[in-house]
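In what comes next, chain A is part of two complexes: it sits with chain B in the first one and with chain C in the second one.
Right after this comes the complex of A and B.
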């Protein structure tokens, strides 16, 4: 077996608590499919037959019991549950399944939506015998207005500095702004070997990594590393140029110690053949100095940077909304589900998606929106640029614009909701009420909320009156 | 009437050899047959790229930007992972050079043999050979096989078929692995040592040696000669688009040999200084022609004009039974986009496909007639070019 796929679906969605309060992040609907469907679909399309899914007990229960959550994949899913409160990082999770890992791994995050050609990433991993190979994409500006956000999007995200060589494939430097005190510090040993480095900042890390098996074994011995993206990847990138890696190296030493005695003999004989091949081959990855290919280094990290195509990580509200806009392009299903009951006198735009078992009544207008499963939309409702999740009831005469209505919410008659986020199981009820812009309602368990004017404030659970 | 006529036809049938498929790309029947064979073996078909110059339209021309792996599943189940890696390394040029490719191939085959288990009711000697067939088709699609690789594959197949049926699987596998190791040791490593020994006799102090491109064997000879304290200097001749001479130059200079570097267009200016020419070979054909990197025949031609001796160094495992007198019949077409070069941010040939009358030709090999070669140094000794068929006949008798 060449590669094993590992899907990390235990994350909390800490940057979009309003959405993930009731629904765990892997099961958030995007284009009426659970978020976890997208990376699973990517793996299936590429040819994987089984995936190890690391997730929480809650998600596992919902997958097996909830009929609305249909994963629809033919691959064999091996679900591994971890405790929700264990606060495990992605590297910790990988350490947890170390026994199941028999060959090199492809780690994917559950919030990745992309149409990337995975073979580009894996080819770098194979051809150069790399230790790490990852996928990144040029970041696109989010154009949609996000409900609940005040004014311009604040640059809360720290920038990532990614240094690549002349070919744009070899990863030389990776650091996050948060880890750098005053400026970017680059070691002389890197500059001596790669005098031309391109440093890019506008890249989105797709959190898709090909890792050698020896890295997983290394993690088992180094329990201090808890996050792949935050700690392991920068460590590997740095280790490419450290002096100790160019003679008996840290990672392969643990690798060899784990092998049985008879196997060590075979591998060392094969190393000789590989060395013979490299000696006789006239290829070099750089020119201008006297060193051999790869500067004699045995640890190599590569990156494939996508120029065009879809690549989103749905970990913020803005990304979630953008993903809903673009998700229909990734699958061929018809926009209007065949089981939805859509009356003839309603206007449904070409870029809207209507989920299964919906009931859309007369004189409604739905433009650039996603309507979830089992949603009821009554007469004379206008829905524009919004995301309506499952089981929502929208009474007559409502006008919903640029908003996110979470599952099982009820929007009362005549409500006018602009750029708001209505939490799941909440009721926005008022005759002719207006919920003014940038309002967020997070409510749970059927509390009723009476709405009067609201301006730029956020309401939290169990309140009955929303005040100014 | 009865018997003589029949005997004649029988001999005729055994003499007529089928043309290999890779030189009949313009014949649609052959292409269809190849496609059917690949489909049966579950290997994807790699499609040709770009406009082919009409004289070479019977050969394949692939693009490096369209690797065969985009049509394969990840992880690869039909083809062994080490073979996929090898195919990628071939098509991207990471493993290049006749010896390197053969060693890499044998290394990959060792992995395949190690991971192989005989299915029930099958014999290892027959099943393993059948398993190797799709791998070889795959590698052929990535990059056409070289003569040395072909000979190595023939050897392995023979060894596998000769495994007795009562042999246990573990024993058979160990036997095969040692055979492969022995083959590499004898035919490549020890052969290189023997050739260096003969060649060093031919290098005298004060020599100016001309080499072309990168040949692992010639580099080996020069490094050994330098270690045996011969005083000489080297002129490295290089040519676009591969520019392999740069790597040869780097390795020689790293050892301390004084070198000069020129492009092939400066050949006639530099030849008056040269005392000997050492050339490597990709294969030695049965009629004495030397198949080597494109440009070698020019070097040999100009050297003959200046009466400079031309010595070709080649191991015996690269001797091939093919007969060829020109470079058109059987060759390899590399990616035409390699000929595009960007200077000061401008790529002149960027839109070459839009110009209907323009074709880019990137040949890889050419053949040098034996009249231009003075000596062939092999591990069996120093022989003239015309003795190649004798060596082949002796080799066949051995086997």
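Right after this comes the complex of A and C.
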């Protein structure tokens, strides 16, 4: 076994609380499959047989009990639960399973939906005997209108500056705008070794990392690092160009650790031969001078930047909607589940998905939408550009456009919902009730919504109180 | 201004054809506006210094002509007469020359800015022009760059004002000038100098050829901004004001071709050797592109070039990359490699030359050894002289016999102090005055210890001037930067240095306290404010304070003190500063920290260990340290062999013994 796969599925989805209020992020339906299915499928496609899944108790329970989130994978899942309230970062989680890590690891986040060729990342890892290799992609502009978001999407997120060498593979520099005081500072010693550096912004980190086992051991020794993306990766990138000689003690020790671990691997993997070849060969990874390959550095970080293809991190509402729109393209299953009961006198676009045991009545029209499992759609309903999760009931004559309706919601007769987010277990029930565009209708917002709509004299009542 | 506006309008109206017909112009600045080549350039302007036996300005003119320049304005200032004479005699001023050379001289040019302002004032350029210095050696075909430049100007409505020519060469490349170590941020697609777009490239593998294609606006911009002195000022100004003024600078990167500016002797050395190794083809020594009589030479294997009438003695070897000018004779059993020898030189027997640059009419006697040095016209090197690396013998210097010049020696007939005197007149080149100063220097005697018994000349020392700029100006060979010490991380390094600066500051404070008799309370205040300024913990303050005080005698009187002298000067100090100590040493832990600092210092100064007891005793007597603390330190503090060794010191043991007894007594008394 060359690589062990680790799936991080304990995140709370803090950037899309409206959706994850009732459903944990890994189990959010995307194209009628739980989100976690996508990375699992990605791993299965490239031949992994076993995955360590780090998740919460809640998710574990739901996976084992809830039939709606059945994971359709043949791999052996090794579920490791961590406490939800412990506020553990990804690096903490990796440290948590250190005992299980026997070889190098491939860490994937549960919110990654991609059709990337995984071998590109792993090949970089292999070819350069890298410490870290990761996947990045060009950032996508989300074109769909997002419920509850007025105007254009704020560019609130701070940009990441990523520096790669002339070949675009070696990761030389990484900084977030937030950490920069005045401009980007790049050390000249790096420039001397890598005279051409492309600085890129507008890249998305896919949160897919190949890491040497020694890095996991290093984590075990350094409890202060809690996040892979936030701390570990920048640290490794920085460490590529520093010598251990004049670093302070703590880092010195870690370096020794790294080296020690390297040595352990040397014996286990014939790396002595590898070193010998490196010594003897005239190959090096740069041009212009005759110094050793990699300038004698032992730590190497690489990145594969996808130029095209799908790569989404479903961590915001906008990304969630976009992912749902694209999901049907990712796998070829019948758009309409065999067990769904669909009336012949309705119109279902080719780009829509109808989940299992749905009931779609006459004269409905469904375009560019996803209809979840066990959803009932009554007569004369028009659904466009929307995501309907599981167990939703939509009564007669509704018009739903550009909205997200969460699980078990009931949409009353004749409702007109445009660009809304309807929370799970909500009820929008009244004849001809109308919900104005761009409103979030969730439990947390309900009170507010009530007031607003009373004021605008649109009746909206009989809220169904839900136990948490 | 109005006339210029009119001209511009007219320029826009003129049809393309007319534009095409306009001859390509160039501005050649035959002055460096600095004194890097002093004292060599005291006698000859830099542009006329021979490189491969051809004046540098000829390379620049040949380069311009070959790229299709039809009209060149040569601007001279320093020793303009000589340049003028040279050019008038050269092929450029013959009627057949495809490149019309206008010589413009003025003693008032002090910088590139002045030259370009004059270009604007005289309305010399009508279209895009090439701007080069008189010491650029290049064979780059800039027509491609010119085309791109014109295209950009057509498309972007004159936004791009300048296209700079760069050559790709990795860091560490020989012809990269260490002082000119550029790092460029560019937009890879549009080849524009830029930052801040979504994606840009930072390049450290570019070599500035100092060739730039400028639009007429450049001269105007120099006029508008009278504080622009150099091209760097200009580039910086344009980039800073890019958003306001909308002007842009582009670059043109060439992969092949050669282009470098001889900005110091290091560069002179490397450009000269590149030339001999034929990197600047077709500008090679045997090409005789200056078309002068008798300059021709033959080219044979291993890049050995011989001029006419060269005689070579028996057993002499010309290994490789050697250029020998006409009428030069070389004695027997010489060994010459990577060297350029000028015309009319005589070289004796058993001479070793490696990377030597000898100009015309040089006389070298037998048994001389020269490594990587420049020997100017008319210099004489007598028997058994050895020139180590980076020596310079300026015009007409005589050296030897039997002398070895240390590395980096510069010898000139001009006295260095003379030079300082007529500092102000340096730009007002006046032959008379040079002659005058020569008279003065003659009055001063040559130092035989420096230049040999028969030597003539004065040693120019790399003067220790206060400002960095001047130091640079004096450094002929240019900076040789050590490879980056690869500081791990700036913050860590700076932290360490912060401790160090804090220590120095404390030392300064205490010193001042002694000199000016400042009250200890005020010293404490000062140290406290320093503590906050450098963000130092209390513990470190105490350790550093202890260290500074204990090292104070060494600091003042040198490290050669005997133990007795040391204690003699230290003990009164301890007494004066005891209030300062008492202020910082309060808790039990402070006592231990202070003691460990004392211990650490005496472990370093192991010859003075006997003084330690006296110091401890004094501190005890002054009630800086308590006896419990000392006892505790003595019993527990030992962590390694050395400190254990220290504790075995007899005097210390006695002191401890005495302390214990005193304690017993006092406790007994208490009872």
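Throughout what follows, the second predicted complex is superposed on the first by the 413 of 468 C-alpha atoms of A that agree within 3 Å, B and C clash if a C-alpha of one lies under 4 Å from a C-alpha of the other, contacts with A are read in each partner's own complex, and residues count from 1 in each chain.
Simple rule for what comes next: contacts are C-beta pairs under 8 Å (C-beta built on N, C-alpha and C of every residue); 3 or more make two chains touch, one makes a residue touch a chain.
Just so it is clear, the model here is predicted, and its values are computed rather than measured.
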Which partner does A:320 reach: the first (chain B), the second (chain C), both, or neither? neither
For A:294, decide between first (touching chain B), second (touching chain C), both and neither. neither
Touch test for A:127: chain B only (first), chain C only (second), both, or neither? first
Between chain B and chain C, whom does A:3 touch in the aligned arrangement: first, second, both, or neither? first
If we overlay the two complexes on their shared chain A, which of chain B and chain C does A:281 touch? Say first, second, both or neither. first
Please indicate which partner A:191 is in contact with in the superposed arrangement: first for chain B, second for chain C, both, or neither. second
After lining up the shared chain so the two structures overlap, which partner does A:302 touch, if you call chain B first and chain C second: first, second, both or neither? neither
In the superposed arrangement, which partner chain does A:199 touch: chain B (first), chain C (second), both, or neither? second
In the superposed arrangement, does A:209 touch chain B (first), chain C (second), both or neither? neither
Going by the contact definition given at the top, which residues of chain A touch chain B in one complex and chain C in the other? 287
Touching chain B in the complex: which residues of chain A? 1-4, 46-49, 106, 117-119, 122-123, 126-129, 266, 269-270, 273-274, 276-284, 287, 290
Once bound in the complex, which stretches of chain B touch chain A? 67, 69-70, 72-77, 81, 84-85, 88-89, 92-97, 99-100, 103-104, 106-107, 110-111, 114, 181, 184, 188-189, 214, 216, 244, 246-248, 250, 253-254
Touching chain A in the complex: which residues of chain C? 169-173, 183, 185, 188, 198-205, 483-484, 486-490, 492-493
Sort out for me which residues of chain A touch chain C in the complex. 163, 185-189, 191-192, 194-202, 238, 241-243, 246-248, 251, 287-289
